[in-house]
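The letters A, B, C, D and E name the chains in turn, as written, and every chain counts its residues from 1.
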Amino acid sequence: MSGYLTGVLVTLCFNIIAAYAVYLPMAAGQLNLGIAGFMAIGAYAAAFLTNEMGWSIWPAVAVGSASSCIIGLVIGIPVLRTHGIYLAMATFALGQVIAAVFLNLEVVGGAAGYPVASYAAPAVIFMATAGVMLFVMLLSTTRFALYLTSVKSDSTVSDLMGISVRSIQAAAFAIGAAIAGFGGALYGHSYNFIEAQHFNVMLSVFPVLFVLFGGTQTVFGPLVGAMFFTLAPELLRASAEWRYAIFAFFIIVFMAVRPQGLITTSLFAAFRKRPNGGKV
Amino acid sequence: MTFLSVCDLCVRYGRVEALSGVSLSLREGEIVTVLGANGAGKSTLLRAVLGATPSQSGSMIFNGQDVTKLAAHERIARGIVLVPEGRRIAISLTIEENLLLGAHLRRDMVQIKKEIEGIYERFPNLGSRRNLLASCLSGGEQQMLAIGRAMLARPKVMMLDEPSLGLSPLFVTKVFDLIKELNRDGLSVLLVEQNAGKALAVAHSATVLELGRVMMSGDPQTLAADPRLQEAYLGEAST
Amino acid sequence: MSALVITNLSKSFAGVQAIADLSFEAPKGLATALIGPNGAGKTTVFNLVTGVYPVDAGTILANGIDVTRMRSRLRIGTGVARSFQNIRLMAHLSVLDNLLVGQHIRANRLADLLTPYRLIPGHRWKRDALEALDQCGLADFAHSAVSALPYGVRKRVDLVRATLAGASVLLLDEPAAGLNPTETNALRDDLKALKAKGVTLVIVEHDMHFVDSICEHVVVLNFGQKIAEGTLAQVQKSKAVRDAYLGTEEEA
Amino acid sequence: MLTQQIVNGLMLSAIYMLVAVAFTLAIGVLNFLNFSIPGLFMIGGMVAFGGLRLGLPWPLAFGGALGAAALIALAVERFAYRPMQGSDPETPLVSSLGFLVLLENLMLVRFGSDQQSFPALLADMNLRFGGLVIGIAQLISMALSVLLVVWLSWFLSRTNTGRQIRTVAESRETALLMGVNMGTLVPRLFVGSALLASSAGLLFAVNYQQVSPFMGEGVGFKGVAAMIVGGMGSIWGAVLGGLLIGLVEVLTISTVGANFVNISAYGLLLLILILRPQGLIGQPPSREKL
Amino acid sequence: MKKLPILTLAVAAALQTSSALAGDLVLGYMMAKSGPYVSLANTNEIAVDLAVEEINKKGGINGKMIKVVKFDTSGDPKQATTALRRFAQDDGVLGVIGPFSSSEVRTTFPVGEREGVAQMSMASSAPGLTKGFTYGFRNTTDEGKVIEEVFASIKAKNLPAATGASVFASDDVVSKSIGTAVIPEMFTKFNVALKGSVDFQYAAFDLSPQVAQIKQMAPDVVGLGSPPEGAVNLAKELKRQGVNTRIVGGTTIADPELPKRMAGAGETLTIGTTFFPEVNEKTRAFTAEFAKRATAAGLPRNEPNQFDASVYDIVYLYAEAMNNAKATGDAGKLKQEREAVRDALAKIRNLPLLEGAISFTDGDAVKPVYILEVKSGKWTLLDTRMPK
């Protein structure tokens, strides 16, 4: 594989992971605009473990992901008391606060950034991304995923059906945080350097765009969205300085024409032959 | 002379046909009441006449003009005004602001002020609290405000959607007295009511809807005696 | 014994009394109709029983269990399920998925939550749901998007969803409203079949023929108060009921 | 020194306040978190800068900037807001952010990524009271933003259009039945919101004598924070929120350090959202009906 | 998921620039033509092209022409690693010009180390970036050394500097290390009493609270660690609040247009830089040619900045190294030749180039520092300090 393709694919992998981190809570109707904060937690925790504690990468990544998950759960419970746009803004504020905390945390380099010694090769990243995709896709075949959509569609009725809306939302939020932390932890080890400034608003916002662009109705939406957002600027590389402007223009036009996103259930149904029997 | 005539109106919500070919006419100075069970399409009919719900087909002539293509605000400007179901008072606005909202298509401030004072005279309960938020009003007072608000749009036809809904019997009587009074002053009224007896007592003509179609129409006395009406409401077998 | 016992129930919203000192019982295995003009407080009763709103005063017993202060989420566990006046199906889910959500109370463990049942052909959850659909003759719609369904079908899916919770008491909010005669007949058959299985029904309905054909017991509300109770024929003779519905000039 | 810091904080607050009000108009009335507002803020400064550089007299350059912002707002309404009615509530976010990225990159192509010096319009005049320095430009822009907000508040509470806007904010359905013409009111609201945002950008440029393609982001996000702290949909809430965020920012810088600004400003936002989601001045959302 | 390979192939096909002609000496060049550094970096390409043209016109190196493959990284660390992977694996480069920023350097140097290809940054000046890397070079001078020369010069010229304050952008790597490490150390070394330190955020537009603090300290000099924007805002605000002090900075604020951008503020601002157009014939000729090309390309700035000079010299440094390493560009010997180029770079001592005589120690360039002062709104040369 060419070096260029490797580089682009590694970037794509991180975008896919980020997209799935946003997708899970969004499937339950929560817009998480602070995903970068959770990536930062995973990245710094894992990097600290490999750098200072001499851990090997996988356990460090696992712990990084878990710490992101736990913090997501602990902070998520009060934050999830809010709804809709308030929740989006709360997560946005949360992401900003987390990044600002790392900016001031001198033990991991503060503003100077934190070089990471251990290296995760592209093959590792590809495998890990495949793992995340597999995990989310498996999850999408369970009742848990069903309840996410149910809670999003109508939380009052879901509650009356006996579903613990709060638990489902908290779980979605925490699993999203875990995936984000996982991606962050791998990011640090793939690029061998992390800095708090990297985990900014735009890093939180773009995965949301991937998901909305790809469509939230199916588990493939985030994948397609991430692919588009990663590869389109590459295709536009020839137009140099205009490329992001053209790209933004395209997003606007696309969303105006197809607000429900690229991949929808009806699109799927059109491709799928009528299933025989009970297969869904 | 027909003042408002609705011809063959069809309204769909997605795949559901809410009105299929409803026709209705109203002469100037008349009270016409539309009766029917829940879900018969009464509210949809009023909304479609107002222009707030788009109709798929049908035509509408008002005061000699074809208003089929007009938007709600244009129809209101021509005098077709709705007092909506559930009153729909803007509770974050004061009582006076709600009245002014009714007059938002008008520009004659002096006359508007005069008319508002008139409303306050008619409903002292509103006048004494004119600068308070409308949320402080009881249901019956809100209904008075809703009617006052509609008055300020200078209606030629006032449509009322279940004005007695949720009101205590005392206020129900008040509302119907008011409707009669307005009508005596020359206002044409299109009235949708649950309370069939009261509605038929004030109406000059009545139409009964069932599942989006006109089941019967005619003069109120005849309808009141028609067992099918009792049936529509109480499901009593006509014996 | 009564499946649902409501005693001295009161509820007001922003000073307006929606339910005032209401008491009635729904006898086990029978169908009780809750009728009254619009705004009489019928749906509010359902909302209080299922816990959508907290109760101001009074008690609610469901299958002998006091649910008055129970969390809304747990009430379905006492065997009370409901349908909704304006059909609250999950718009983002297919018909089958809506039914699977309805089954939640019967698949409530963590293991159930994480079973990748979609990958397992003929999993019992899907089988149960499809069976229930089939019994109502709706099997063809299993994989349709809810939004694409005709109104009548959606209403019946809403009903099937409520039954799949395995409830012994079903609260049905205007199940026949907006249905055409054929659909109404199909619904009637569905409900009779449920009754035959011993399910207690409480039905809010305006169509008196429908009520007549199903309900043994009728409770009439007006302004949040019970104005009559008995068989349909009994309540139809009540002057208070006629006044509430048809209105008379003498009153007030 | 504390007095000086409060004076400094007030200027910052005035800018946040205007942006917060611009956001609150869009979200309070249309329930639309319009992320193109930071872009419109930037357009206010950058287009005026471009105009001045072309040698236009300042009233023309400023008018051009406001006009450009108004036109862009109409495009946002047409392409980011209108097609999204009825889809997921977060969808318009994407296209409005698309507008932000587009505007930033267009300006980037035209003017480069650098911060540019905005010419001083007023001679560098400062009032000095003992050690306290208050810039005339500061005073004028502060007065202007306060005037704008007071005017807007008057407009909303006293005029016909204002009443219509408040009715739409409470219930679109009621407004529709009252014959409020949404087809024209919504674009007007967008333009109004854009004019506020771009005037904030202009005042910013005049005051801090700098513009850049990315000037909207930091201010825009703080504006959102200010809006929520005060109470979404409330003009005076936005004013209060702007004041608070501006003062918190300045006081954090002077006591703890600039790196803690995001912690304190967004920490405040987070705290408010958890403890009192409706903001300091704001009505709690009512319970839905079945 | 059939789309993935198809799309990526399309991307690859669209972007695969024609591979180097056999026998060319290929250099990779990471540009920052979009993104946050575009104003500083978009003229770099002119300097690179100019240097390559000059060398090739004189017959190239070892009889081979130099060819540059370019990649726009947008100043983004992720794209920079992609660029480096491409240069190393697809384009067969002997060395890489760039990347531009310190954040990019942080991510590409480890990749360069693994791939075994030299890189030389034209702008990143954060302390210690090259430490631990054998393939990582910078044609920049460590800010510590630059600022040391500035203070030495101020003391030598007897300019008032009894008291000082440190002011820095706290969320920028280079700025922060200047403000927290370099400036305090220099104050101690040159007997400047440190009255305190004040920080601001990289993107801060309002420095009035900071200046209010500085005003209280009333220092003779303000040691500044910041990008040019911070210097402009600080100078303006100092003037507005009526604070008279000398701002002292390093190469981070060495922007030719800085005096113009400060619009009358910032008199006596003093910096150290590695390039000044008025030093000698060579710099004047470069400046003139650069201006001509920049104007022709329609770029907003036509005066070369230090990065333009640096990147111009980087091409010459590679030329010298490839010459000394006897590089052939032969694909079969790529690995050895890359290593040889790296070794030759490290050995360069006192090579006379545009910026002066350049040597390398530990991957960092050692070169003359020009001390510039703002007088009546223009840069003037205060002093030239030769490296020890």
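Just so we're on the same page, contacts are C-beta pairs under 8 Å (C-beta built on N, C-alpha and C of every residue); 3 or more make two chains touch, one makes a residue touch a chain.
Just so we're clear, the structure is a prediction, and the values are computed from it rather than from any experiment.
Averaging each chain's C-alpha atoms to get its centre, pick out the one most distant from chain D.
Chain centre farthest from chain D's centre: C.
When I count C-beta pairs in contact, which pair ends up with more: D-E or B-C?
Answer to which pair has more contacts is D-E.
From the centre of chain A, which chain's CA centre is farthest?
Greatest centre separation from chain A goes to chain B.
Counting only Cα atoms for the centres, state how far chain C is from chain D in Å.
49
Centre to centre, by mean C-alpha position, how many angstrom separate chain A and chain D?
The separation of the two C-alpha centroids amounts to 29 Å.
Indicate the whole-number Å distance between the mean C-alpha point of chain C and the mean C-alpha point of chain E.
Centres of chain C and chain E (C-alpha means) sit 74 Å apart.
Which integer distance in Å separates the CA centroid of chain A from that of chain E?
35
Of all the residues in chain C, which ones touch at least 2 other chains?
In chain C, the residues touching two or more other chains are 52, 84, 88.
Please output the residue numbers of chain B that touch at least 2 other chains, ranges allowed.
Residues of chain B touching two or more partner chains: there are none.
Multi-chain contacts in chain D: which residues touch at least two other chains?
Touching at least two other chains: 108, 217, 259, 261, 290.
Any idea which chain E residues touch chain A in the complex?
The touching residues are 1, 3-4, 7-8, 10-12, 14-16, 33-34, 38, 72, 77-79, 81-90, 103, 106-107, 110, 114, 126, 170-173, 176-177, 202.
Considering the complex alone, what residue numbers of chain E touch chain D?
Against chain D, chain E makes touches at 34-40, 42, 169-171, 199-201, 203-206, 208-210, 212-213, 215-216, 228-229, 232-233, 236, 239-242, 260-263, 300.
Touching chain C in the complex: which residues of chain A?
Residues in contact with chain C: 138, 140-144, 146-147, 149-150, 152-154, 156-165, 217, 265-266, 269, 274-275, 277-280.
Under the touch definition given earlier, write down the residues of chain A that touch chain D in their complex.
Residues in contact with chain D: 26, 31, 78-79, 81-82, 84-86, 88-90, 92-94, 96-97, 99-101, 103-104, 111, 156, 201, 205, 208-209, 212-213, 216, 241-242, 244-245, 247-249, 251-253, 255-257, 259-261.
Can you check the complex and tell me which residues of chain D touch chain E?
That would be residues 1, 4-5, 8-9, 11-12, 108, 111-117, 119-120, 124, 126, 128, 131, 133, 135, 204, 208-210, 212, 214-215, 217-219, 250, 253-254, 257-259, 261 of chain D.
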